[in-house]
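Chain IDs A, B, C, D, E and F follow the sequence of writing; residue 1 opens each chain.
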Amino acid sequence: METHKAKRVAIIIEAPMERRLTNALTEAGVQGYSILPVLGGSGRSGQWTREGQVGRSGMMQVVCIIRPERLDTLLEAAFKVVERHMGVVTVSDCEVLRAERF
Amino acid sequence: MADIFDLATTNLLSPVILFFVLGVAAALARSDLSVPEAAAKTLSLYLLFAIGFKGGASVAAHGVDARLIASLGAGVVLSFFLPFIAFGLLRVMTNLNRLDAAAVAAHYGSISIVTFVAATSVLESRLIDSEGYMVAVAAMMEAPAILSALWLVARGAPDGGRMDATLLREIMLNGSIVLLVGSFAIGAITGQDGLEKIASFIVAPFTGVLCLFLLDMGLVAGRGLREVRGQISMATVAFAVLMPLIGSTIGLGFGLLIGLSAGGVALMMVLSASASYIAVPAAMRVALPEANPSIYLTLSLGVTFPFNLTIGIPLYVAVASAIVGVN
Amino acid sequence: MADIFDLATTNLLSPVILFFVLGVAAALARSDLSVPEAAAKTLSLYLLFAIGFKGGASVAAHGVDARLIASLGAGVVLSFFLPFIAFGLLRVMTNLNRLDAAAVAAHYGSISIVTFVAATSVLESRLIDSEGYMVAVAAMMEAPAILSALWLVARGAPDGGRMDATLLREIMLNGSIVLLVGSFAIGAITGQDGLEKIASFIVAPFTGVLCLFLLDMGLVAGRGLREVRGQISMATVAFAVLMPLIGSTIGLGFGLLIGLSAGGVALMMVLSASASYIAVPAAMRVALPEANPSIYLTLSLGVTFPFNLTIGIPLYVAVASAIVGVN
Amino acid sequence: MADIFDLATTNLLSPVILFFVLGVAAALARSDLSVPEAAAKTLSLYLLFAIGFKGGASVAAHGVDARLIASLGAGVVLSFFLPFIAFGLLRVMTNLNRLDAAAVAAHYGSISIVTFVAATSVLESRLIDSEGYMVAVAAMMEAPAILSALWLVARGAPDGGRMDATLLREIMLNGSIVLLVGSFAIGAITGQDGLEKIASFIVAPFTGVLCLFLLDMGLVAGRGLREVRGQISMATVAFAVLMPLIGSTIGLGFGLLIGLSAGGVALMMVLSASASYIAVPAAMRVALPEANPSIYLTLSLGVTFPFNLTIGIPLYVAVASAIVGVN
Amino acid sequence: METHKAKRVAIIIEAPMERRLTNALTEAGVQGYSILPVLGGSGRSGQWTREGQVGRSGMMQVVCIIRPERLDTLLEAAFKVVERHMGVVTVSDCEVLRAERF
Amino acid sequence: METHKAKRVAIIIEAPMERRLTNALTEAGVQGYSILPVLGGSGRSGQWTREGQVGRSGMMQVVCIIRPERLDTLLEAAFKVVERHMGVVTVSDCEVLRAERF
């Protein structure tokens, strides 16, 4: 089937920053994103788990599929939000069906 | 004195405390016992719902009191003011930097609603009445401390903390405050009538639910303690025991000044003594991301919370009863 | 008339309604208050379990009635028939296209079980009896409306809607129907004996649980309203208030014809007036993916549900009581 | 005899069993009815919490009995010993290989706490007393069977099973055991006083919660059965019915030897007859990853659990009552 | 370690369509897939979140790791299901251990 | 924005093995990982779902972003744990912001 090149940006970010990140993405003209849960993990700031937590703690993952030419705009918007925060930003190549949607 | 010990023992051997201890022990022993996140969040919604509603219904029953406004005002003042004391103490007693000290201070100006809930259940079992609006005072004390902490940071480093309109709205409208105040209002509007309709949901099973919730809190606290072993100085730990004693003394003063009942004074002490571990940590991650979360979470949830639960509450109740007298 | 206003006020100031209002307000104010998905789903299982069982136990207690079959039949007929009225109205009153109009119509032929639950709890607090099997009528009314809607679409565009054996099975065996009918059957089999065993789970805390659930429904409805601001025409909103009035009038006719008690007539009106927001939306996503979900969800959950909860139910109860008479 | 049938019918027509049946039926019919994972886990925490606490409080009330130690010892011995019988039977009756047979055997030496809970609720409704410490016996029986199974495997293939210190700690400190033993201890410490405080949480709604939980167990069991259709031989299924009968007979012997009450003997039979489906499967995935999980899960949850629930429990209770006599 | 080329297909699809998609994949001979949760997101049809939802609403993610030569069969089967529905289909390259399993 | 090459390793593994895997990763010097939920799936050993489950059953996903040169160490450590178990190990290329963190 016909597929088109795109970029998949995955941002793992602290839960209390999630809304700020998605707002920033929207302002930067990103058309779509999905929010995925993260149950726990480990990093330079130690280990954590969502088990039994009551507050808005831990990390979340925001995933965006975008056209390659829009990558830089997105990364800049995202970087401003994550800059001072814990988090991981990864970019990978992918192909999408129905490219007209992006 | 004997009374205090007696009260402390009764308290220590209540199911509520023992389930907290079980949770801590299980976590330290690395048991895989755990409460699902959704369940923990739901239990906490239940406690806010129940405690708010009961407070409101009690206000409806006993009428609004001239002291209500004074108590709310006292709550706001305490929440603004306590972080300065905490900050000063931390800078003198410990080697925490300005940022970490301010972040910790914010937690001690704010409150822990579960500590408050545990205290009301001790008062109830001792048959000591308290003003229903103390739950509204609790709500008033959640947020101001955060502003004080950010001001303390900003004084030291102009671009240190981030406070903007969005954050302010998030803090004022955070879920706990909205549910607590909303349930309080609904309790006040619907009164005894409303309370009767839902009493077998919010009154009868309350202590049992609290046990389950404290089991979870114990698990979370114990897991935290296991993680930070040795990373936090003894002086910092000492602060987390000293500060509630100072806070409660100041709370005592305000309570007496306002002329609250013995139960009300005890709750004012508990609020001043307790430290936030839900709303403030989230606000700190946004406003002071460079502050180390394991310090403030360990102190608040790992040290001060268990201290208040086991020793603090019976102490505050005994002191308040001794000074104000229980009719 | 005074009675209706009185009933409306009592209803509006009941904890159940006020928690719904709190939820809507919190969502509109963008508070982060939220109920975990797992908790919301579990609360809804609880309500279906409790309402089904109580209905069954009541049938066991009062015996099967010649009117039972008539009522079930009436439910099926109403569910098939109401979508045509809704569709006609929508095409006349609004500028919705055929597809969207059919999708909305399916929702209004089907029912909202929480509206039904809220109505039974109003009846209970007014001490008005109703036929236990009305809960089985509710179950019968869930699905047929979907078929009518798909037929309406197919008439206009041969390949418009997708209905196949899989979808039919999914609709007939969807979780809500199975739990409602199953609990009803178990209640009918085990009768008062069974009810006694689990009464302190399904009767005593029921209203309290309903409050918590309606808080969540308010949050979801409020979030939806915030999203669609300005996207839906006033005429479409007017439909969502007019249709329950029409539906309930038709339901009234059927109820009187069958000879139900005042409570039963009121519930028949409530079922006819209410619109689905769980089973039908999922079916529409499968069968009519091109229909716009924000239209049907906003109308059903954002307009009709609150309308019935606040104004509709007391109105239907008052009308039914006035016409049938309460012994 | 008539008594057994009577008891069996009453049992079969109790809401608890009927909700299990509803769950199985819904799953087999491919309904999408489901209980969220977080809810199922929380319900199971609730049952462990309640049953443990009630057992402890009952020990506090009735005093420690010389038979307590004997019963705990019997539990450990049974759990070590039953897997050998199960393994032998499986190797003779079925064509399961050594590994699968050992994995299945581990399940039958261990216990199912829900079967135990269901049995206590049958005893309660029959007003038959039982020793409160039987819940501690249940906890003792969870783990030893795993060691026996691994020994059986190791005898056949030196590097077959993996048992190390980590796994041993995981098994001994698994969440169910810790919560059950912890609640038991807290119940024993706080006694009737503690029980009164939380009775309206752990006693009153207990049967209702059990219904909801068994609905979920039925859904899970039914889904499992649908999956494995035709993959498991009739002989293997026969084992899953025969083994509880053998186990309960051995449990009967131990119970009589120790001199337990009729209720205690019945529970000892139930524990011996029941098969684990939570702790042991997880341990098997770690220790014997090559063993086929669908075999042991189907037998334990899909065959033995329903068998005990419907036929086993009334049978064991009737036999125990007949032999020991109910005062 | 020895790895083998494979394709990772991730399909974000409406929850009520999940069973239909996995059935279609099974019929197309796909040997394995995993279902991942999505908590919320935004797209052309607006924003959504799973919070407080009671029904089978929102999106889910189905992830398949397959041999490159089977990609087209899979995409065709998947496309038939998602065609008229909301959803995003992405394909990316990956390497797998234990290729004999795919 | 400046990005750096990295590898994304995703390991779907049985839930009871999760702690063993993350311990092995930590011992192998892996600096960070995240644990993602899996709701259900299908494979050679049949279909499963997390719905209504009480025990520690089903699969989880562990995701690690690492520098390419550390890939082999990680895979060896991971392989020792998953070797005898159900599970899928995939590796893909990605780019990361803030490479100094890895």
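As a convention for this text, a residue touches a chain if its C-beta (ideal position, glycine included) is under 8 Å from a C-beta of that chain, and two chains touch if they have at least 3 such contacts.
Everything quoted here is computed from the prediction, not taken from an experiment.
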item: Chain B to chain F, fewest steps along touching chains; value: 2
item: Longest centre-to-centre distance from chain B, chain (CA-based); value: E
item: Chain located farthest away, centre of chain A as origin (C-alpha); value: D
item: Copies chain D and chain C - interface residue numbers shared by over half, same or different; value: different
item: Interchain centroid distance [CA atoms averaged], chain A/chain C, Å; value: 39
item: Gap in Å, rounded to a whole number, between the CA centres of chain E and chain A; value: 19
item: Where chain B touches two or more other chains, by residue; value: 32, 34-39, 41, 200, 204-205
item: In chain A, residues with contacts to at least two other chains; value: 36-37, 49, 56, 92-93
item: Chains touching one another, given as label pairs in label order; value: A-B, A-E, A-F, B-C, B-D, C-D, C-E, D-F, E-F
item: For the chain C and chain E complex, residues of the former touching the latter; value: 34-37, 40-41, 44, 166, 216-217, 219-220, 223, 227, 277-279, 281-283, 285-286, 289-290, 292-294
item: Footprint of chain D on chain C - complex, ascending; value: 36-39, 41-42, 45-46, 49, 53, 169-170, 173-175, 178-179, 182-183, 185-186, 189-190, 194, 197-198, 200-202, 204-205
item: Residue ranges of chain E in contact with chain F within the complex; value: 1, 3, 6, 8, 22, 26, 31-37, 60, 65, 92-98, 101
item: Footprint of chain E on chain F - complex, ascending; value: 12, 36-44, 49, 59, 61, 72, 75-76, 79, 82, 88-93
item: Residue numbers on chain A that touch chain B, as the complex places them; value: 14-17, 20, 45-47, 49-57, 84-86
